[in-house]
Amino acid sequence: MKEIRIHARAGQGAITTASLLGYIYFLKGMYPYAVPHFGAARMGAPMNAFVRVDSKPIRLRSQIYEPDYVLIVDATLMRGFNCFSGLKDNGIAIINQREGVEIPKVNARQKVFLVPANDIALKTIGRPLGNTALLGAFAAATGEYELEFLVEAIKKRFPAGLQDPNIKAATQGYEFVKNSTKG
Amino acid sequence: MKEIRIHARAGQGAITTASLLGYIYFLKGMYPYAVPHFGAARMGAPMNAFVRVDSKPIRLRSQIYEPDYVLIVDATLMRGFNCFSGLKDNGIAIINQREGVEIPKVNARQKVFLVPANDIALKTIGRPLGNTALLGAFAAATGEYELEFLVEAIKKRFPAGLQDPNIKAATQGYEFVKNSTKG
Amino acid sequence: MFGPLISKPGSSKSNKTGSWRVEIRPRFLQKNCIACKMCLLICPEGCIEGDAKNTYHCDFTYCKGCGNCAAICPKADIEMVKEETKE
Amino acid sequence: MFGPLISKPGSSKSNKTGSWRVEIRPRFLQKNCIACKMCLLICPEGCIEGDAKNTYHCDFTYCKGCGNCAAICPKADIEMVKEETKE
Amino acid sequence: MKEFLEGSMAVAKAVQLCKPGVVSAYPITPQTHIVEELAQMVADGHLKAEFVNVESEHSAASVVLGAAATGVRTYTATSSQGLFLMAEVVFNIAGLRLPMLMTCANRAVSAPINIWNDQQDSVSLRDSGWIQLYVEDLQETVDFHLMGYRLSEDKSMMLPVMICMDGFILTHGIETIDMPEQALVDKFLPSYKALYKLDPANPITMGPLVDADYYMETRYAIDQTQKEALALIPKITAEFSKVFGRAYNGLVEGYRIDDAERVIVAMGSVCGTIKETIDELRKKGKKVGLLKITCYRPFPAQQIYEALKNIPKVAVVDRALSLGSYAPLAAEIKAAFFGKKKKPSVISSFIVGLGGRDITKDSIKEVFRLLTTTEKNEYIDLKPELLKESYE
Amino acid sequence: MKEFLEGSMAVAKAVQLCKPGVVSAYPITPQTHIVEELAQMVADGHLKAEFVNVESEHSAASVVLGAAATGVRTYTATSSQGLFLMAEVVFNIAGLRLPMLMTCANRAVSAPINIWNDQQDSVSLRDSGWIQLYVEDLQETVDFHLMGYRLSEDKSMMLPVMICMDGFILTHGIETIDMPEQALVDKFLPSYKALYKLDPANPITMGPLVDADYYMETRYAIDQTQKEALALIPKITAEFSKVFGRAYNGLVEGYRIDDAERVIVAMGSVCGTIKETIDELRKKGKKVGLLKITCYRPFPAQQIYEALKNIPKVAVVDRALSLGSYAPLAAEIKAAFFGKKKKPSVISSFIVGLGGRDITKDSIKEVFRLLTTTEKNEYIDLKPELLKESYE
Amino acid sequence: MNKQLFNPGHTACAGCGQSLAARLVLEASGPNTVIINNTGCLEVFSTKYPESAWAVPWIHSLFENAAAVASGVEAGLKSLGTKDTINVIAQAGDGGTADIGLQALSGMLERGHDVLFVCYDNEAYMNTGVQRSGLTPFDSNTTTSPTGIQSCGNLRPKKPVPEIANAHGIPYVATASVGFPQDLSRKVKKALSIKGPKYLQVHVPCPLGWRHDPGLTFQIGKLAVETGLYPLFEYENGRLSAVRQIQPKPVEEYLKAQGRFKHLLSKPEEVKKIQAVADANIERYNLKVQATS
Amino acid sequence: MNKQLFNPGHTACAGCGQSLAARLVLEASGPNTVIINNTGCLEVFSTKYPESAWAVPWIHSLFENAAAVASGVEAGLKSLGTKDTINVIAQAGDGGTADIGLQALSGMLERGHDVLFVCYDNEAYMNTGVQRSGLTPFDSNTTTSPTGIQSCGNLRPKKPVPEIANAHGIPYVATASVGFPQDLSRKVKKALSIKGPKYLQVHVPCPLGWRHDPGLTFQIGKLAVETGLYPLFEYENGRLSAVRQIQPKPVEEYLKAQGRFKHLLSKPEEVKKIQAVADANIERYNLKVQATS
């Protein structure tokens, strides 16, 4: 069983990201359970979403306190509070890079990947929606799934016009990490 | 314990009669419980009220099926159904007399008193409200209470202007029975 | 299993409200009736029938003796009489 | 026994919504301000202060960077700038 | 002073003695006489209160809610459909910890519509957080209205109280009542001082959104406070008897129960009929008794256990249903004995007098007759001829 | 066909498969996504139904009531405050014996207002005459919506059915679901034929005033019919598995219970977390199990007795309260064992996860830990620091 | 009298204006009608199980939701495809309309359902014993607006429900009275000829609640109109399209026949206030017959 | 900024028109105010325990009963003798006003309580995610009036709540907008200077629900008025006493800035219908500035 926690601000598509990530696992034939953690707050307020996945149906319904992976859609959230809380000590964090936000120290076995997802998105999609780029990076960083599944998910879930741009974004996110890791 | 059932039509003051009768017992220092038996019907529809009285507080809350006395405010009700049902076989019935309504036979030990209460009321009160006259007759017929208590009850319960007329009506009802019984 | 739930159309007719009539009842004189139907229209019990002039009458099984027919009749061709009065 | 039930007046001020600002924020130029108070009136956070001309400014602890102050200023004396820009 | 009064009149006079500042209610049979009498008192200047004629029970409850939030003593009354229409507000009032008194003139609920007495209305709101007291006769009715306010406004409680009185039987019944004197009432029931209220001098926020981090404790506190009432009620009844000379247990009351082999458990006016029947059966040497539940919420499980633990056979008489399950009172009485060593050998459940079906001494005798060694779940005075298996 | 769907979406699709003629609902978190999706289906012509956007839940329930009375299949959904606002109508629908389906997205109730999950809303309407089915995951959610209509419209039933699904956890949770095919659904669920309806060809009177001479039987019939459902539900689940290949008990379901020494009884999605915890504890050799209650109304007392009679220790997990008394489910479980020879030595009651308080494996472990030989009544994950004795 | 739609044997008081109006409404609508009835006198006196006065499909749910149930009935008939052949009539007393049922009514009007809503206005909650409603007239003596040392009866004017209904922008709003039975029938037929939501408010004297002789039901209804206290008008698509013009009579004539106003006759200043209400109506709806034409 | 009555730190979306309007209303009323708030965005974003934006006594009970709770607060203050020194304001969103809260509001108006009711009209149920309300404009795309193959958005026109309130015969009814903040403040002060029930409906753009840039809140509010789609008027004692006159702009200007109307821009015939709504308002309230004077 793997547990992923996604941090974002209400309105930044944490839920779409969670459900897209879940859908990738679904395509892999696994049993994901994706659920948002709603507060009562509005656009701009911090919120998060959870994805829990296993090879058999997920029954555990609690929130995620000790994620294997954290995906931080908005780096400014790290100013507010600790997005890394409970991250497994071999855990991996993928962060939508943003200047002027310093990254908390992590222990030796934890990995942090800074991905310029919004810049990628701006170039590929034309709007600063880094979610697909982040999921590309996630694939490369965690090896949870091959890029193909993400591409297929995008094809299934996005309206025609938005598929190619998002596939581009996903691929570039993927490559960004691949390159940064090798050498 | 004595049980009295009052038959009337909605609007003919069965409840006032019951509460006045109860009040008389109250003045005697007894413990009456008076309660109307409501249907959902309107003015003119048959309904009845109950008075149960004893020397200690009444606890029994059921309706009255085997009355010691029945008081029939509107004789035409007897066309409809049996106002005598369950009347104890030494029971007494006081009926507001009305031409053209025949009285069902009663067994030897039961007594029936026909009282021209409305006529009395017309003469004394000016309106055909025979209730106080009937309660006068009731006193004479059953010996349950002296006329004085009824008079006091009327004084306590009726607005000044209506006291004397009703006392007159009560007294005439009382005397009507007294006379009809002797000789 | 079902208990009391629905009622049959028009079943109220088994309830003979004519017995509620104690003091007065209408008498349809059928003399000057012009068949204006006003009595029929106004009867709260809907128990008046009639078609041609001087044919209007009510069904005493239901008539409660309210007196509105008599009140509305433009020809005073309905009068309220003591219940006991014979026709 | 009592649980959470009532809140203290104005306690929301402990919630620093300035952190919600991610893209842009207002800059009060304080050049051509005529103290018309419109910015102060329009701010959804009620976080603008000022009295005399060219004294108007906002409290960035709460400003969400919506931009309405800049939009309403008749003198274009407020401009929206990238969050990162230094004063 | 002893008076011969209709129940509704007596309630109105009891409320008048408690001097509420705001009264609001919506008419519904059989509660109407209470409200009408209060309206008359206000019209005559005999009661100095704001009388708010609302457009529905939902608003009646909302009006007393708002008035109570300003720190004023309030009163409302309803029944049946009216209680259900205000259900959301009823829960809300308890959740806001606003003390107040409501009289519920117990009546059956729709569908089918029926204006006569049972206790389905108030029983169905047993989860709401209101303290519920069921009265047997008119003296209790008056006295528990006074005690109800005391209880409700106690600084440790701050919970609303519902006085449940059987419709018609008590609301329209007329009997002898010893009406308390104003001076004594003033002594027993001081004027209401709110712990928190809507006041510009101290502008608090009431009824905020309370999320998962805090909500559970708010509910727990109500649950606990309800249970604390089990200790407070006897204190208040004791004080009441000091002032007025009438003693009540306030939680449960046994009648000829000590040596009883068969005991009925019941709530409300039916207890009178049961007592009458018991005396009759006792004359015939039958060892029967009654346990009257006055306080249904909080549920006095311990007191019930103590009262019944040595009784061989117990019959629970419910005047309400939880359709498809145990009768509400029966379920909780049975639950009270789980895991206990001492307990009745049989607890049977009987449904009696729904929708005004008359409860006679014979009905009660039937209950006792059916209370054998085998557990029963039966309806009394049912007419099988009215039932059919299908509509096709 | 297997799909990866949000719970609300899945419910909407299930309802679409059942082809209701009239849909009416009023938005309330967390039910909104269901209704929004249905609105979209109608807007796109993918669902041929009258979609009535009402002004309140009271009217939503009244609209489906009226539509059902014309002989049409109807659907509505609500939650929490909405269910309470329509409470009077909810009782009325059952009393009128109108079959229909409602989804209740379980949520805490006010005050204080809280939009998160517990089960106080539907549990508080347990007396209403509605059949209540609680689902654990999204596959059950979909399947019981189909079975719900079958059950509701069965000629012997003619009772409304409420599918209770935990708010957010299930309504907003996304997981893999095998969505039934239309052809099979049509086979399993024939179009609705009413026994009585508003039709000028046969102008009956529905909802008359039923007085004391008749009322009790109407209520008794509902009570009995509910209990008959205990026999019908397994028939329907059996038929369902014939058609769709998924088997359900429909009343209660044991998990690793046969040799268990400690068993939790619970309803809804928490059962998943409990199962997960059980497997973990089993690995450590702890003999623990779960009894899941799917059918809460009618209450399957006999089946519960059979399942638990040999279990030494039972913990009842309630997600709702009857303030001032036993937790609702705990009380009935205890009642089910009164007078029985075989029974657990302990039945403890635990309140878990009110108003969205997260229920973790640790919460469940705590329940098992506290399930000792001494009976407990406890709140899990409570924060004592939030409580105070007084406001003065 | 066999094919009657509203049958005798109901248990209304003798001279009940509402029973009479209900019959006229149904006769005007005919057999292809479904009636949805709020709780109230009409429901109680016409459907005491096992008897029913109704020979058309009829349903009662609650006191406040007839308009919403009717919305559902209309939607149901639509989905069955039979709506166009059937009239749907929701009906209620003044309390079930102006007070507890107002929101359901407003919702029905706002949504545009093809339903006629009929309010039987007897100006108080009669079924429960004459309590004040929003449509109880000023100074009327009811059990919750009683006369007393400090009270002269109901404090508020009649709630202008027809105006409120009209403000919803619906195609037809009208008032009628049992004092003018043919006019009532005509308005029902006219309303039913229009698609969409319609509101009709019928003045129905109540001998019990108004304390008048049962035989005066018709005259008292007529007097209410002729004094200007109960103006008869029609709104079509928001515009006042017709009024019944009158030669105004003094309000005393109307008041003196009724027990609920008895207390006023000794108070000329109060009678003046009520005359002012009538005058305001006469002015507002321009009720006075003009000399010319 | 310490003695503020409505404080920052609330969790409304950036650019929320309602948060701004609520502050202006309260500042105009001052510290001696008790607020009764229905459930809705405002209640949620201003009072998440343990924090509260309010520095005046404030209470929330339910979604539908603010007007009734306010009636009780007013009665309570009366019985305490402090009512004359305190303003009682009941407030709600458009859904809590026009739909689920309408009956409580109507009852409050009918009874004549001295309360100001403020409706914050953001034209949908925003707190629950943008569902249609009675005040949602024609053709607007919401989650329960979605655009689709067979739908062009909301089917019904805006419910004329100010007209409905006015039909109750109350002393003051007005509409306002955050597009004209001083006008809003003035109307609040004026309303509070009048005894009895008052109704004020304020147009409050909602960036989330209307899908517009948070910075456009003010302009969009202004445009709604300037196109005639949201006429600003005042009724005093039933008479239209003032309107804000405009030099009407075409509705496109208003529509094109908002996602909820995006689907219309490709449908000129639909835009015509909406222009017709504006024209009808301009005509009805005579909004057009006259050349003369």
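Note that the chains are named A, B, C, D, E, F, G and H in the order they appear, and that numbering of residues resets to 1 at the start of each chain.
Convention: a contact is a pair of C-beta atoms (placed from the backbone, for glycine too) under 8 Å apart; a residue touches a chain by one contact, two chains touch by 3 or more.
Keep in mind it's a predicted model, so treat the numbers as computed, not measured.
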| request: Going by the contact definition up top, give me the pair of chains with the most C-beta pairs touching. | output: E-F
| field | Chain centre separation in whole Å, for subunit G relative to subunit B (CA means) | value | 40
| note | Chain centres from averaged Cα atoms put subunit D and subunit E apart, in whole Å, by 55
| message | Nearest whole angstrom, what separates the Cα centre of subunit E from the Cα centre of subunit H? | response | 43
| field | Centre-of-Cα separation between subunit D and subunit A, whole angstrom | value | 32
| query | Among the residues of subunit D, which ones contact at least 2 other chains? | reply | 1-5, 7-9, 17, 20, 64
| note | Among all residues of subunit H, those touching at least two other chains are 11-12, 14, 16, 43-44, 47-50, 52, 54-56, 60-62, 64, 98-100, 102-103, 106-107, 110-111, 134, 207
| said: Could you pull out the residues of subunit B that touch at least 2 other chains? | reply: 40, 44-45
| task | Let me know each pair of chains that touch one another. | result | A-D, A-E, A-F, A-H, B-C, B-E, B-F, B-G, C-E, C-F, C-G, D-E, D-F, D-H, E-F, E-G, E-H, F-G, F-H, G-H
| What residues of subunit G sit close enough to touch subunit E in their complex? | 39, 43, 49, 60-64, 98-100, 102, 125, 127-129, 131-132, 134, 143-151
| remark: subunit D contacts subunit F in the complex at 1-5
| Partner subunit A, residues of subunit E touching it in the complex | 209, 211
| Where on subunit B is subunit E touching in the complex? | 18-19, 22-23, 26, 31-36, 38, 40, 57-63, 65
| field | Complex interface listing, subunit E residues touching subunit F | value | 81, 84-85, 87-88, 91-96, 108-114, 116, 120, 123-124, 126-129, 131, 155-156, 158, 195-196, 207-212, 214-223, 226-227, 229, 297-299, 301, 320-326, 328, 330-332, 334-335, 337-339, 345-347, 351, 354-358, 375, 379, 381-383, 386-387, 389-392
